[in-house]
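Okay, so chain A shows up in both of these, paired with chain B first and chain C after.
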Partner chain A sequence: MTTNGETARVLVIPCSGIGKVHGLISREATYEITDNLAQANADTMCLALLVMGDEEALSKIRSSHCITIDGCPKYCAQKNVELAGGQVAESIMVAEAFKNHRGAQPGTATKLTEDGWLVVREIAEGLSDRVQDLCGCEGEH
Partner chain B sequence: MARKYAILPCNGLDKLQGPLSREVALALVEETGGEIVCPVLLNSARPRYEKILGELPLIIIDGCGTKCASKLAGSLNLKVDRKVLIADEMKTSALTPEDSLSLGPAGLEFAKALATLLAEDMPEEPSADLSADFDSPVEYTSVTHDKFIFRIPAAGFHFNENDCWVRVKGTRARIGVSDYVQQNLTDISYFGPPIVGREIGQFDDAGTVESVKSTMDVISPVSGKIVAVNTALVDNPEIINEDPYEKGWIAELELTDFESDRELLIDGAAYGEIVKKKAAEAQH
Partner chain C sequence: MADETLKVGIISCSGEEIPEGTISRLATRRVLELLRAGQTVTLCLPLFLAGGEGERAFAREHPTIAVDGCGKLCAKRGTEMHSGPVSASIVVSEILGDCPSGCGRSTKGTTDADKEAIWVVSERIAAEVDAILSSSTDCCTSDGDDNASCACSKPLPGMQIEVNGRPVTIAGLGLIFDHLAENGLEADDACGDKLLETVRIYHDIRPSEEQGYRSALVSAYKAYRR
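What follows is the complex of A and B.
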């Protein structure tokens, strides 16, 4: 997608996920992508802003590739982005990521353990590759 | 112990104040045992939070000036007991969180300190055992209209013309709806309780009762602070049909000024006459 002829940045949107460790993982994975791994090509957006129908947020979401990270099978992030007219290019659920880490103890809603941070990094690395694909800048990673 | 609140943070993401609102909310739950309300889930699945929002007063924690949580509460017509704006709290706090969305030690310390401050400022949890004084048996009289018989307590109850009663014991009172209401509504299928901890005025709403026929706001005959609600009615609202004056009580209040409230209330005998008139009008 483009805005004024320039490639738009990819929006990575986690669920609000408050009160559960999977929600915290979705949020931390998002920060890892937007602040570190794909800083040049990815932004995030506050889901509550989108839900409340903020015009600027709606406009931005409709003109960007979106990646959603949901904590649980309610898929709040994916559903609300789609409801707002956004195109979800990639959607992942944190609980699914734990299938490769049976027995892992990720921590609590307020603090992640090393197991939790391991899953954060794994999700973030996979999705930052996807960000580069969507931007057509595969050579940069 | 500080009383419990339903806590609705904005749970924001892309500004520092957002993650702080989330962290303050979680720390407040740890301190007071309240319940978190996720703003996104609330918007898409409100029934999930109906019970919590019915039983607990609501505190809103907004991060930035956009005030998404406040806007959401407004759009859903939620009654808000307290609002906190993190951006304002940051201006007055001696603690300065790091400028990082993923909170560092200073951010966590700020959140913990603010949660402690809020918890200390919350009113005490009302005593759970407030009901003993209301256990004494009630004697009834009745009025009739046509084939209908309406029970009315012989003494000790006051009524307003909105068909709600109050039974006073010292500085405490229980309120509820009359036998006329339960017969008029027929099978009551839903009870919406008022919020414990809320101050209400005389003739303010204090919950709802609903049947397939109609919905009725409970109009409080007295002013005061709600200290308990009859939670048994949430799962079994038919208790109001079975026993509207005793087991079907709606809420218990700490009275503010009963002597003044009393001037606008009537006794059982006068209420009986009103019931007869209403029943006659309903037939025509």
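What follows is the complex of A and C.
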């Protein structure tokens, strides 16, 4: 996707669920992508701002590829991006990432343990590859 | 048996784009887990905004405090649009001014500036909770099966220790342990006084029970740090 001829950054949007550790993992995985692994090609957006119908947020979401990270099966991030007219190129749920980490103790909704940060890194690494794919594909079109 | 305790709802914006969103989220958690555990409940804002009648009933069944990171007031406006007037509105950027410039969005490598900001905002929220509870008489009550909050929004359960053979649950004990560990408290036999001094700020300990609590807390802290 492009804006004024420039490739738009991929928007990574977490649910940030406040009740469980999975919400914090979704949030931290997002920052790992936008601030470290894919800094040049990814950005995030306040989910609540989008849900409240902010015009600037709506415009941005409709002109970008989106990746959503949800903590629980309610899929608040994915559903709200889709309701706002955004295209979700990739959607993951944090609980899925725990399938390879049976018995892991990831921490709380406030603070992650080493196990929690390990899951954050795994999610972020997988999705940052996807960010590069999305940006690379645009270049070829 | 129904718990007739009035609970105050706290809805935080959690704004992902700015440090103030992280501060609002963590300050809210601190109130839920530590400062006013058992007196407060929360709900994920996106779930509330996009949810059904169960979620929308939240602010009708609880006096609600909106905690927003910035002047866009998503938490306050969203709550009032869908559920009813909020009892109080807190805006992190108004409380902290330029201070969040030293704060980060991620909890990785939390700095003293982050901790200070979270502390200041959480104390403000707790003060609003107290004001609401002290001014309330017979408005909203909630029972043990709280339909107005989702299952994941309950305050974290406390940690249980055994004091003189009796199980005792202390709300937020894990957080207290984390805080003391970060401040260098060694998990040895000399840590009892500091543990007791800190825990009694949040949990009533009678003088006659001090020794039992001290020994139970030392054992629990050692196990926690192992």
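By our rule, the second predicted complex is superposed on the first by the 136 of 141 C-alpha atoms of A that agree within 3 Å, B and C clash if a C-alpha of one lies under 4 Å from a C-alpha of the other, contacts with A are read in each partner's own complex, and residues count from 1 in each chain.
The rule we apply is simple: a residue touches a chain if its C-beta (ideal position, glycine included) is under 8 Å from a C-beta of that chain, and two chains touch if they have at least 3 such contacts.
Just so it is clear, the structure is predicted and the values come from calculations on it, not from any experiment.
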Checklist entry - Is A:Leu118 touching the first partner chain B, the second partner chain C, both, or neither of them? => result neither
Checklist entry - Is A:Cys72 touching the first partner chain B, the second partner chain C, both, or neither of them? => result second
Next on the checklist: After the superposition on A, what does A:Ala109 contact: first (chain B), second (chain C), both or neither?
Outcome noted: both
Item to check | Contacts of A:Val51 with chain B and chain C, given as first, second, both or neither | outcome: both
Next on the checklist: According to the stated criteria, A:Ala95 is in contact with first (chain B), second (chain C), both, or neither; which is it?
Outcome noted: neither
Checklist entry - Which holds for A:Ala8: it touches chain B only (first), chain C only (second), both, or neither? => result neither
Item to check | Partner with the higher number of touched chain A residues, chain C or chain B | outcome: C
Checklist outcome for this item: Interface residues of chain A shared by chain B and chain C, listed 14-19, 27-28, 30-31, 35, 44-49, 51-52, 54, 74, 76-77, 79-80, 109-110
Checklist entry - Which part of chain B faces chain A closely enough to touch in the complex? => result 9-15, 18-19, 22-23, 25-27, 29, 36, 38-41, 43-44, 66, 68-69, 71-72, 75, 101-102
Checklist entry - Which residues of chain A touch chain C in the complex? => result 13-20, 23-24, 27-28, 30-32, 35, 44-49, 51-52, 54, 72, 74, 76-77, 79-80, 83, 108-112, 117
Checklist outcome for this item: Listed in rising order, chain A residues that touch chain B in their complex are 14-19, 27-28, 30-31, 35, 43-49, 51-52, 54, 74, 76-77, 79-80, 109-110
Next on the checklist: Considering only the defined contacts, which chain C positions touch chain A in the complex?
Outcome noted: 12-18, 21, 25-26, 28-30, 33, 42-47, 49-50, 72, 74-75, 77-78, 105-108, 150-154, 156, 174-175, 178
